[in-house]
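Below are structures written as structure tokens.
The two complexes that follow have chain A in common; it is paired with chain B in the first and with chain C in the second.
And now, the complex of A and B:
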């Protein structure tokens, strides 16, 4: 398993009155080549968890193994720079990290830091720009002059240009309009299918989990509550209520119907499958 | 980034915490004056004892003070070296291959060290035991004496409290952007000079952009709620002088008097 957490604990501001244990002996193995969602209430340790993946945070106890690199509390940060080339981490509201004069320069910043030549970096930057669906004539504009959604895409392109095998995104769709969010999620699915990237997404949106992800990791109070296939997770609706989150609307309707005496068969993931199973129950084929 | 302990308010319920901020600020200024008077060994011992007692009363952990003072050691050793090289007064301590060290070099350094330490401890005492908001309230009241000379006391106090309010936000923001850029391969420790400049730029530009943006938003939000700096305002929190404040300020003035008398 190329990504594995073993008894990982992490405490913020240790040995002070403000100490806070964000991760408590976490054991976790992430499946490669899939899209995994990480969900959980605020303060459950999701962001802390993902920052271990490219060694921005080092575990205080336990070890994290990422792509055959072992990270523990004694690790020197110097050895970890190469890891960041293989694990790309996109923070929440990544548009705040843009700083160059032009968009293309900003996207080239990552590859250049990882010792690409200017030419290579430029090629990678244009490739990333087209991956995130931005027009090439934006390339010479200032990253501060474009819309919020475009900024978000530029920031994500900045990570994609590094061409990491694992892509970790902390709430990539927060603050985007529904269409923007949908396009963003479809981009990640495309990256997963076409470029075979392993993708981890921290999210609050259960509908995204249902529609786009393969696996789901549920966190609460710095522990892993659950880790299973998305379809299995939503099989039992009450699991979602355990962490005070809501079912995706489509599944909530399904649950309500079942409660009222409907016998719905087959997997329900969207309006079409729901309609089909209702039709079946009512006798229309 | 969470290790900025110096001067952070620590909520507690002690005599010192409950004093009126106006008197605390005045007491601090008075003590600073006392520290700057050349009162010799006895004078500084008295001030040190007084400050120590206040530290105990405010239940400030001594480790915290020690930790706050640690970064000063580098600066002070630098100062010691300069003093040894420059100061040519006092009696000769020793001569080593043509270089003579004088006693005043040591005394001068000690002098500055003691003054600096006392100053840091005194100001830490104020900030540790006073809520930032109370502090600005107190400051506004104290500065309003100068209002009749056209001094914008309220505006200055508001500016200070906004600045204080955004320090933690900026610290969070800085560490977030640092991490985001580290994910893009920025390395603040290694690399050539040019790379380091780029690394710092990649941190400062986003910080400026978001600070300006935040300032604009805050200004809009304040105006939307009808904030006008020149308007006459009432306060929810009223500062009241109690007998404890009077005792405290009397003690501090007494101390200053004593120090002046010693140093004459």
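And now, the complex of A and C:
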């Protein structure tokens, strides 16, 4: 298993009065080639967890294995640089980190940093630009002159240009309008299906977990509370309430109707099957 | 009594060529909770910046409480309007929460002897009393936005503008801020103009204005605006799930009245089932 956490603990500001243990003996194995959602309340350790994946944080105890590289507290960061070529981490609101004069230069920054020639970097940047669905004629524009949604795409393209096998995104759709968010999630599905990227998404949006992700990792209080297939996870609605999050609207309505005596026949997986099943129950079909 | 915000034929462009705001007119009723909805880049935030004079219009007119916005009136108008921006990290000046709330008061030359009382009062109002001596950097996003709101309340504006104030917050932080704004609206009869993508917030507002490509395309009660799935999708927006479901139920001959109210919709379905 190429991504595994074994008894990983991490404490912020250790040995001070502000010491805060953000991860507590975490054991976790991420399935490669899938889209995994990481959910949990604020402060449950989601961001701390994902920053271990490309060794931005080193575990204080335990080991993290990423693509056959073993990361522990003894590691020298210098030895881990190559890891960042294989695991791309996109922070929250990455558009605030765009800094080059032109969009294409910004996307080329990563490949150049990993010793690509100018020509190679340019090719990779254009490929990334097309992957995220941006027009080539934007390439020479300033990243400051485009919309928020486009900026976010440029920032993600900057990571894709490095061509990592694993893509980790911390709340990639926060602040986007609904259609921008949908297009973004569809992009990740495409990268997963066509480019075979392993994708981890930290999110608060349960509808996204339901609609786009294969597996779900539930964190609470620095520990893994749950790790299973999305379909299994939502089978039992009370698991979601456990962590004070809301069910996706489709499941909330479905559960509510069942509780009020509806017998919803057939598999209800999306809005169309839900409508059909309600119509059947009401004798309208 | 005059309306707190009146905008007539407002036009704005950054480069004098392409209009970012094109012939926009709307007004906001006193004490109302108005939401401004629109896709990314539709011009919503530009409207907010024009209203508080951070950007200067090309043509048209803005009236705040009956006063025409101009370089002569801007200082007076800024005392009437408070604004909370999207990024909680970009609006802190003080090194402690207390200093931060004090900043606006100092600018408005409030008597220093009265300042502490005012600060404590509003910190309590946003439930941040115990954090007054903390550094803002140690607070959560929701807490930071509450401090920003306390700083604004301390200057007792009549109008509060929220420019996607919850879009960088997690669900808990969003709920904290939405509840607080709802209370301020109710308790102080404050006029609220909230720029948002949060469909739940729009559902609860009195009035919603929808922008598309720099123009106002819909303006009405949330019930009327949000029940039109086709129209909203064509404006790059989304409708509540219950509205989408009602749309599909219609194909089977099931008519739901006012589907933006999810509970009401479930009730209607239960009644249909009993009548079966």
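Some observations on this one:
The rule is simple: the second predicted complex is superposed on the first by the 274 of 285 C-alpha atoms of A that agree within 3 Å, B and C clash if a C-alpha of one lies under 4 Å from a C-alpha of the other, contacts with A are read in each partner's own complex, and residues count from 1 in each chain.
The rule is short, and it goes like this: a contact is a pair of C-beta atoms (placed from the backbone, for glycine too) under 8 Å apart; a residue touches a chain by one contact, two chains touch by 3 or more.
This one's a predicted model, so the numbers in the text were calculated from it and none came from an experiment.
When both complexes are superposed on chain A, chain B and chain C end up clashing with one another.
By the document's definition of touching, of the two partners only chain C reaches A:253; chain B does not. Contact with chain B, but none with chain C, is seen for A:110 once the two complexes are overlaid on the shared chain.
By the touch criterion stated above, A:233 is placed in contact with neither chain B nor chain C. Applying the stated contact rule after C-alpha superposition, one finds that A:212 touches neither chain B nor chain C.
In the superposed pair of complexes, A:5 makes contact with neither chain B nor chain C.
By the touch criterion defined above, A:84 reaches chain B but does not reach chain C. In the overlay built on the shared chain, the residue A:188 is in contact with neither chain B nor chain C. In the superposition on chain A, contact is made by A:98 with chain B only, not with chain C. Put simply, more of the residues of chain A are touched by C, taking chain B and chain C as the two choices. By the touch criterion stated above, A:56 is placed in contact with chain B alone, chain C being left untouched. Of 135-143, 225-233 or 243-251, the segment of chain B running into chain C after the two structures are fitted on chain A is 225-233. No residue of chain A lies in contact with both chain B in one complex and chain C in the other. Within the complex, the chain B residues that touch chain A are 2-3, 5, 10, 173, 176-177, 179-187, 189-190, 195, 198, 201-202, 205-206, 209-210. Within the complex formed with chain C, the chain A residues making contact are 41-43, 92-93, 147-149, 174-180, 204, 244-246, 249-250, 252-253, 256-257, 260-262, 271-272, 274-276, 278-279, 281-285. Looking at the complex, you find that chain A touches chain B at residues 12-13, 16-18, 51, 54, 56, 77-78, 81, 84-85, 88-91, 94, 96-99, 109-110, 113-114, 144, 158-159, 162. Contacts from chain C toward chain A in the complex involve residues 38-41, 86-87, 140, 164, 167-168, 170-173, 197, 199, 233, 236-238, 240-242, 244-245, 248-249, 251-254, 262, 265-266, 269-270, 272-273, 276.
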